[in-house]
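Paired with chain B in one complex and with chain C in the other, chain A is shared by the two complexes that follow.
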Partner chain A sequence: MTEHLIACHACDLLHRVGDVPLGGSACCSRCGTPLYRPKRDSINRSLAFTMAGVIFYLIANTHPFLGFQIGSQLRETTLATGIFQLYQQDMFIIATLVLFTVVIVPAIHLLSMLYILVPLRAKMTPTFLAPVFRLYLMLKPWGMLEIFMLGILVSAIKLVKMATIIPGVALFAFMALIFVLSAMTVTLDEHLIWKKTEYS
Partner chain B sequence: MEKNRVLLKFHSMTAKKAGLVSCHRCHLLSKLSSRKGKCPRCGAIIRSRKPESIARTWALIIAACIFYIPANILPVTYTTSIGMVQPDTIMSGVIYFIHSGSWPVALIIFIASVFVPLLKLLILIILLLSVQFRWQWRPVDRTRLYHLTEAIGRWSMLDIFVITVLVALVHLGALANIAAGQGALFFAIVVVITMFAAESFDPRLIWDNIENTDD
Partner chain C sequence: MIKETDETSPGPPTADPIIKQRRSLSIVWLVPIVALLIGGWLAYEAITERGPIITIKFATADGLEAGKTKVKYKSVDVGVVESIEIGENLSQVVLRVQLNKGAATYLTDKTKFWIVRARISASEVSGLSTLLGGAYIGVEPSVKGKPQRDFIGLETVPLVTSASKGKRFKLVAPRLGSLNPGSPIYFRQVRVGQVLDYRLEEKGQNVGVNIFIESPYDQFVRENTRFWLASGLDMQLTANGIRVDTDSVVSLMIGGLAFGTFSNDPQGQQVSENMQFKLYETHDEARDDQYTIRKNYYVEFFESIRGLSVGAPVEFRGIQIGSVSDIQLKVLPNQMNFSTMVGVTIERERLGLSAQVSKDLDIHIREMINEGLRVQLKTGNLLTGQLLVDVNYYPDAPRVDETKYNDLLVIPSLPSSSQAAIDGVTSIIKKIDKLPIEEIGQSLQGSLLGIEKLVNNPDLQQAMQSIRKILADVETTTHNLNADTMPEVTDTLEELHNLIQELKGWISADSPLQEDLLRSLQEIGKAARSINNLADMLDRHPEALIQGKTIEDQ
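So, the complex of A and B:
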C-alpha cells in the first residue's frame, strides 16, 4: 500500500501514483509541483550521454579555453591555471568555490553516473548504489558549468577592446559538455534508480 | 479555484497527518518514528519537516544581508592598464558596459549580480513572514515563488566566474593586469549563503498553516 503512495515534496499532500504514460508527468493536485516523470530507455540514454560527457570533460579541463593577445604577448589559460592564479592572489575561498563548482562537482556527477549506470546496464546492482546516488542528488545544484560558460562569454566581450581574444579548443568542449550534462540529467529516471536499490 | 478548495477539504491528507515521512532525497514514504531515523531505502536522515526551518533561514538571510553591503561597496576587481590602477565595484562594472555600448551584457550582469540576489532575499523574507504570521494568501503562488528562488540563485555566481576568467587571462604586469578585490569574496559568500537559505526553508510550512485553519 505504502509503495504506491507518494507525498508532494513541496506541500506534503499524499497521492496515489498509478501508471504515468511516457512523456507525461504526475503533478501535485494541490500545488502543481511535478512529482514523477517516467523516461524512455533511461539507463541506455543517460549512459550514452555520460560517456560523451567524460570525453568532453577531459578535453575541457586539459586544453586552453581562451587566448589573450596584446601585441606579441600571447597568454593562454586552462581552467587549472585560472584557479591557480586566484590561489596565488590569496583569494582562497573564491578559488576553492570555482574549483568545486566547475571542476570537482561535474567530475563527481560523471563518475557517479558511470558507477551507477554501467552495472545497471549489465543487469547488476552496484554495491554502493544508494549512497552514491544520494551524493549525486545532493551535489546537483552545485554544478555550475553553464554559468561558468556565460562567464567566459561575458569576459571575452569585456576583453575584446583591450586585446585579441582567441577561442580555444576547451571552449567548444565546454559548450558540448553543458548540453551533454543536461541531457544526462533530463534522460535519467531517478525513480527507476531508486526502485533498483530495493531489490539489492 | 473554488472547486479545488472544496475538493481539498475532503481529500486533503498529508504524509504528516497519516503518520508518514517522505524522504527528501528518494521520496520513499516510511512510518514516522519518534526519534530521528534513517530512510530504509537510501539512508538519508528523514524528518517530517526540515529542522528549525524558520530560525535557520532567518539567520542565513540576515547574514546574507550583512555581507551584501561590503559586496557592493568594496571593489571586485583592480584593473591595471598602462600603469594606471582602477578599482571596480559590481555596479561600476555594469555602468562600464552601458557606456561601452554593450547594454545586453550590462543587462545580463545586472540581472545576475544585483537583481537576482535582491529578489531572492526579498522572496525568502516574504515567505518567512507569510509562514510566521499564518497568511492564507495564495499558497500555490507562494510555492511557485519558492521554486523560483531555488532555480535562480545559482546564476548569481556569474560575476565570480567572470572575475576568475579575467584574473586568469589578464596578467601582463604593468601593461595590463586584473586582480580580484575583497568585494568579490563577500559577493561569493552572499551567493553561497542564500543558496543554503533557500535549501533550509521548508515549503511545506506554507501548507501546514492552510490545513490547520481548515480543520
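So, the complex of A and C:
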C-alpha cells in the first residue's frame, strides 16, 4: 500500500519499494544488494527485548560481578567498583572508555529504544523520534559489551591459577544483556521506524 | 502486489469483513517476563536476606575495614561491617554492621561482640587466620535478654563463649600469684578449665578470680572442694626433706590453679554456678585447712630444740596429727635455768576420733598421759637436721604430775633419742672413769716381770740344749735304719713276690697241675661208682662174695 524510495547502499540506484511480503526481501535491481527486509512484529519484539535488557542492565550494575578469593580474603567487585578502581589506579582514559562503552552507551540504547518503542506500540509517535533514533544509530557501534565480556573472560582465566574466581550474579546478567541487546537490534525494523517519522 | 478492486465493477454484493488485530501477546514477551522474574527474585532475596543493621562501639578499629570486615560466629559469616565512623566524643569508633537474615533473634543485651586479631600468649596462639584474612568481629549470640541494636564491643576476646559447656566459679584469694586470664586449671593434673579474669575486691583486701571449669569436669567441683595455686615451683625444705612441687611445665611458666577434694567423703553436694571458693596458697595449706577443729597443747623440753621450727609436724607413730604452732622460752623460777615450751596444735580430726571422744579430748589426753603418752623430739631429716615432735606411748616412763602453761595442758616430754644416747655414752664414760686402771696396770706389770724371769733362767737354756742333742740322736738312728735295714727288707719282699707268681701259675685253669688234678678226680669218681656197684651187688647177693657172680643176675 505504501511506497517509498530507497537508494541502494552500494550503487545508489533509486528504487521505489512498496510492500514486501514477510520473509521476502527487496534487492537492488542493478547490483543485487538487499535493500529492505520486512520484519515480523518488529515493534513488539524489539520492545520485549528492550524491557528484558533494562532488567538485565539493572541487575548487572547492582550485583557483584566477580569475586576473587585468595586464602580467606574475599574481594568482590561490581562494574562500578571496577571502573572506580581503574580510575584510582590513574588509568583515567581506560576508566572513561569502559564507563562509556559498557555503562553509558547501553543505557542510552535501552532508554532511546524505550522512548521510541513504547509510544509506537501504543499507536502514537514520540515527539523527538527522529533525533533520538539518530542518536541511537550513531552510538550503536560504541556499545562494546561483548568486547568487555571477552576481556573479563580472558583475565579471569588467567587469574584462576592465582585465586578462586567466584562468578557473581551480574556476570550472568551481563551475558544475558549481550544476547538481549543483539536480539533487540536484529528484530528492530529501522525502515519501519523511519517510516513512522513520516507521519509526524 | 494486491490489485485494488474497482469499486465500479459489477459483482455480487459484498460486505467488508471485520479485521481483528491479534491482541494476544507474542511469545517474544516471555523474554522480558523471564528477566523480570529473575530480577524480582534477586531483589526479593536481597531484601529478605538482609538482616538488621546494628552499631558496635570499639576503642579502636585497628585492622577493620568498612565493607570487608566480616562478623563471624563459629567461623561462619553472619554479617559485614558497612561503615566505620569516629564516635561522638572522639574516644571510640562506631561500626555500622549489616547482619544476615535471622540475626534479629539473637541480638539482645547479652550478645557480645569483640574483635578477633592474631593473639600470641604463653598459653595459646589464636587467631592466626586473621594474619592473612584480616581481623574480624566475633560474636557470641544470646537469645536470652532484651532485644538491642546498639552494642559496646569487648576489648578482649572472651575465653569462654556461651557455646562452651561448663561452670563458672569465683575464687577469693589474698594474692593473685602468677595467674593470668587463660591460666590453666588442673584437676589431678588434667587440664579442665581456665582463669577468665580477675579483679581486686572493692576494699583491695582480696583478689577475686573468675574461673571456668569445662563440662564434664565441673561435676568434680563439690561443696568441699578446695582450690589452690599451682603457680610455678613450690620448693620446701621440711622435716620430710626437700620437696619440689609443680603441676605442669605450663603452669610453671604462666601460673595455674588446681583443685581437689580432700575429705574422705568425695560425694559432697554438687555446686551451682558462680559459687564462691577460697583460693589457697599451696596444696598443703588447702589440705590442712580441712582440719578445722584444733586443740592446742604445750610440751616442755629441757634440751636444745635447734632444728625445730613452727610448722614442723607432730607425728604419732609416724602419722602427722598436728603441727608446731609456737616456741617459747620459760624461766624455771627456782633453778636459774630455762626450759623450752613448744606449743603444738593437734588437728583432732586426723586422729579419727569419734565426735564424742574428740569433744572431751583434754580428759582423754590426761588418761593417755597416765598410760604413758610422752612427747619426744626426733630427727626428721638427717640431711637437714630438721626436727619433728613425736608422740608415742612409753609405759615405762616415770609418772608426772599434771601441769598447765598458759591455761593449756602440758604433755610431758622425754629426752630425745639422741639426747638419751648422749646420756648413755656419758654414763659409760663415767663408769670407765671409775675403773682402777692404775692397779690393773701394776699387777699386769708384775706378771710380765715374772714371765721375763722365767725366760731368762739358765736352767731353761740347758734343757733346751739337751733337747737339741736328743733330737740329733733320733736323726742318726733314722739315717742308719734307712741305709742298712731297708735293702734287706726290699729283697725279702721281692722273693715273696716271685713265690706268689709261681703259685698263681699253678692254680690257673690251663695249668698242667689243674688238668692232672681234674683227671685224678675223675678217676677217683669212677672208682667210687665201681665200689658203689659192688656194694649194691653185695647187698643183694651177699653170697656172691663166696659163690661168685651168677649169670642170672646180669
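Annotations for the structure displayed:
Operating definition for what follows: the second predicted complex is superposed on the first by the 184 of 200 C-alpha atoms of A that agree within 3 Å, B and C clash if a C-alpha of one lies under 4 Å from a C-alpha of the other, contacts with A are read in each partner's own complex, and residues count from 1 in each chain.
One rule holds for everything that comes next: a contact is a pair of C-beta atoms (placed from the backbone, for glycine too) under 8 Å apart; a residue touches a chain by one contact, two chains touch by 3 or more.
Values in this document were obtained by computation on a predicted structure and should not be read as measured data.
After superposition onto chain A, the partners chain B and chain C occupy separate space and fit alongside each other. Legend: residue contacts after superposition of the two complexes on their common chain; A:K140 is shown touching neither chain B nor chain C.
When the shared chain is aligned, chain B and chain C each come close enough to touch A:Q73. Of the two partner chains, chain B is the only one that A:I94 touches; chain C does not reach it. Shared-chain residue A:R121: touches no atom of chain B or chain C.
Put simply, the three-chain overlay gives an angle of 100° at chain A, taking C-alpha centres for chain B and chain C and rounding to the nearest 10. In the superposition on chain A, A:N44 makes contact with chain C only, while chain B stays out of contact range. With both complexes placed on chain A, chain A has more residues touched by B than by the other of chain B and chain C.
Contacts of A:A7 after superposition on the shared chain: chain B is touched, whereas chain C is not. Looking at the shared chain after the overlay, A:F148 reaches chain B, while chain C stays out of its contact range. Annotation: superposed on chain A, chain B and chain C show a minimal Cα-Cα gap of 10 Å. In the superposition on chain A, the residues of chain A contacting both chain B and chain C are 73, 75.
Across the complex, chain B meets chain A through its residues 4, 7-8, 12-16, 18, 20, 22, 24-30, 41-44, 81, 97, 100, 102, 105, 108-109, 139-140, 143-144, 146-147, 150, 154-155, 157-172, 175-176, 179-180, 184-185, 188-189, 192, 195, 199, 203-204, 206-208. For chain A in complex with chain C, the touching residues are 18-19, 41, 44-45, 48-49, 51-53, 55-56, 58-59, 63, 71-73, 75, 169, 173, 176, 180, 183, 187.
Residue ranges of chain A in contact with chain B, taken from their complex: 2, 5-7, 9-14, 29-33, 35, 66, 68, 70, 73, 75, 77, 81-83, 85-86, 89, 91, 93-94, 97-98, 101-102, 130-131, 133-134, 137-138, 141, 144, 147-148, 150-152, 154-155, 157-159, 161-163, 190-191, 194, 197-198.
Residues of chain C that touch chain A in their complex: 1, 26, 28-29, 31-32, 34-36, 38-39, 42, 68, 129, 132-134.
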